[in-house]
Amino acid sequence: MSLNVSDLCIARGGLPVLEGVSFILRPGGALILRGPNGIGKTTLLRSIAGLQPPLGGEVRGGEDRIAYSAHSDGLKSALTVTENLQFWASVFGTRSIEAALAAYDLTALHDRPAGTLSAGQKRRLGLSRMLVTGRPIWVMDEPTVSLDQASVALFAAAVQAHLASGGLALIATHIDLGLAADVLDLGPYRAKPLALDDFDGAFL
Amino acid sequence: MMALLIRDLRLAVRAGGGFGLGLAFFLIVTVLVPFAVGPQSDLLARIAPGVLWLGALLSCLLSLDRLLALDWEDGSLDLLATAPLPLEAVISIKALAHWITTGLPLVLAAPLLGVLLNLPLDGYRWLVVSLLLGTPALSVIGTFGAALTVGLKRGGLLLSLLVMPLYVPTLIFGAEAARRGAMGMGVETPLLMLAGISAGVIALMPFASAAVLRINLR
Amino acid sequence: MWPDLGKYGETVLSAYAASLLLLGVLVVLTLWRGKRVRRIMEDLEQRMRRDG
Amino acid sequence: MSIWEYANPRKFLQSSERVMPVLWLSSGVLISVGLIWGFFFTPDDYRQGSTVKIIFLHVPAALMAINAWFMMLVASLIWVVRRHHVSALAAKAAAPVGIVMTLIALATGAIWGQPMWGTWWAWDPRLTSFLVLFLFYLGYIALWEAIDNPDTAADLTAILCLVGTVFAVLSRYAVNFWNQGLHQGASLSLDEKENVADAFSNPLYVCMAGFALFFLALVFYRTGTEIRARRIKALLARQRQEA
């Protein structure tokens, strides 16, 4: 089943930032979001993940099928790598975390507390969470921050494998991942400012 | 859901989890009371149930701002909100974990501190029963306050200001039951009211807390 | 004309004084903030119209 | 024509601008008449002496303190259900008026209680309930002030208002149970014999009507201010976005 985004209009802090965003993401396909800072990439991804209601338009095919990865990884520094990942695996009802640890080269670190990991290792642990969700649609916000070249390759391989098994991926990033993915530039969707005298419900 | 409960309990007892801080606070407040009101044992015996209830309430309040703020800061709340658990369940589990790590130890410690305050012998049973019935309500109401202030930088004081008026009915019935018990009077009415409040807030409050949390996550 | 308030004169007058003072403060603060906000908004609207 | 037309901020501002002079004037006249009537032309009570004159401030203020919260509750519900911004802002505008009314009721009550009960303050159920109401107002106002995003603030305070109402009612029962109290029963009611005498009730009615209109005038004015403040915020945000 594909992810259908049609005529989405989203706001940040009460002001519309993007309007008319439409795309269709089919199984096995990936879409890279591009656009200057502050254009609303994060807000768009949060809307698609269902954290934030859009001003208008709709997202179809996303309910309970999206795994969302934000800027922060939601790691608990007092828990070990295994405990962190095992927690998310049980929340999402999947059993094994071995494959996820292996995919991001974390097996050797499995009993280290997450607080003692380096920034890149933490990020890898955060990304490995996507593998234990068992969900088909990955929505990821700047996944490659603080990753070195080798780790980016690991990530690209994980996405590649996910797509090959019929998954979907929606990724906001500036790095070229070497994926056969469509690119959506958000620039043209920037919301036009309302007329100054349009003094109604939204006060603008 | 068990996984979330186990994780929260594990986090509370690991280093930096703050387990035991509430208990220590409870002890200190109780020890300070005789310094403030004087050492006469009959006076202490009379105010002991109220002091112990107030001490338990304040210790509970103290630990509330960590309840959701830590999960907010590291992004876990966002991820939990997109997980297959309903947010109402997440909130209820968090309140339960808070009760197990804060409320339950307070209930168990209260009789020991009652000795320090010369609590009459009849009072111990009803003090423990009233705390056992009342502290779950304190945790659940407190979770609502924590959800309201979760995104705020300096939410701690505001959290207390918002939660304390909501604690009034619980405190009145709980302390009244403990007081009547200590004086050898009938405790059925306040205990029933207390149990009613606890049951009501446990059943309904998670919906309000989850609604508030959803708004704050937007 | 002035009513005989008896031994409670102070009580009654202080109650009236306190209430009217509180109401007065409320009205003054309300009007002051209202005027200020209205002025700021009009300035801002004018400037934004001029600048386009 | 639907009443929801007034949910448009501009429409609301225009119509309230027209109503407000009438409200200010009539409330001023009614309060002056009621207070002068009550202060100068009512007899002393045989038990309470001249202190009974405090009733003309105490009762209307207490009445408006509760009605203001009730109005905030209704406005919050309208916001939650229909998402009219003016409604949320009206609730915000009413809270400080409500807290001042609560303060007046508490202050006049304390001043009145001193000669009658021999104490400024007693933990009587009515007094205590008003103190609790005062705390609820404080929390509500503090929450509005603490949150930057106006829509988030409106949502959160609306839910706080709903939950707070339930707990305020619960507290009222709890406090009644906890202490039976010294306060006299309701001052005005239809079927009770224990009512204030006619000589006092007429100016009291005038004062109550005056306070109600005064409350309305203040809320209209303050809602206008909040609408403008909200527009300033929106304009500034837009300026930042364009820059």
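Note that the chains take the letters A, B, C and D in the order they are written out, and that residue 1 is the start of every chain.
The rule we apply is simple: a residue touches a chain if its C-beta (ideal position, glycine included) is under 8 Å from a C-beta of that chain, and two chains touch if they have at least 3 such contacts.
Bear in mind the structure is a predicted one, so any value in this text is a computation, not a measurement.
Asks: Which chain is the middle one, judged by CA centres?
Replies: The most central chain, going by mean C-alpha position, is B.
Asks: Counting only C-alpha atoms to place each centre, which chain is farthest from subunit A?
Replies: C
Asks: Between subunit A and subunit B, what's the gap in Å when you average each chain's C-alpha atoms?
Replies: 37
Asks: Rounded to the nearest whole Å, what is the centre-to-centre distance of subunit B and subunit D, using the mean of the C-alpha atoms as each centre?
Replies: 32
Asks: Roughly how far is subunit C from subunit D, centre to centre by C-alpha average, rounded to an integer in Å?
Replies: For subunit C versus subunit D, the centre distance works out to 16 Å.
Asks: Provide the C-alpha centroid distance between subunit B and subunit C, rounded to the nearest whole angstrom.
Replies: 42
Asks: Hey, what residues on subunit D touch two or more of the other chains?
Replies: 231, 235
Asks: Going by the contact rule already set, what residues in subunit C reach two or more other chains?
Replies: 45, 48
Asks: Taking the complex as given, what residues does subunit B use to touch subunit D?
Replies: Counting only subunit B, the residues touching subunit D are 144, 148-149, 151-152, 155, 158, 161-162, 164-166, 168-169, 172-173, 176, 189-190, 193, 197, 205, 208, 211-212, 215-216, 218.
Asks: Within the complex, which stretch of subunit A touches subunit D?
Replies: It comes out as residues 13-15, 17, 193, 199-204.
Asks: Looking at the complex, which residues from subunit D come into contact with subunit C?
Replies: Spelled out, the residues of subunit D in touch with subunit C are 35, 39-40, 44, 49-51, 53-54, 57-58, 61, 96-97, 100, 103-104, 107-108, 111-112, 114-115, 214, 218, 221-222, 224-225, 228-229, 231-232, 235-236, 239.
Asks: Which part of subunit C faces subunit D closely enough to touch in the complex?
Replies: Counting only subunit C, the residues touching subunit D are 1-9, 11-12, 14-16, 18-19, 22-23, 25-27, 30-31, 33-34, 37-38, 40-41, 44-45, 48.
Asks: Please output the residues of subunit D touching subunit A within their complex, sorted ascending.
Replies: Per the touch definition, subunit D meets subunit A at residues 7-10, 83-85, 149-151, 227, 230-231, 233-235, 237-238, 241-242.
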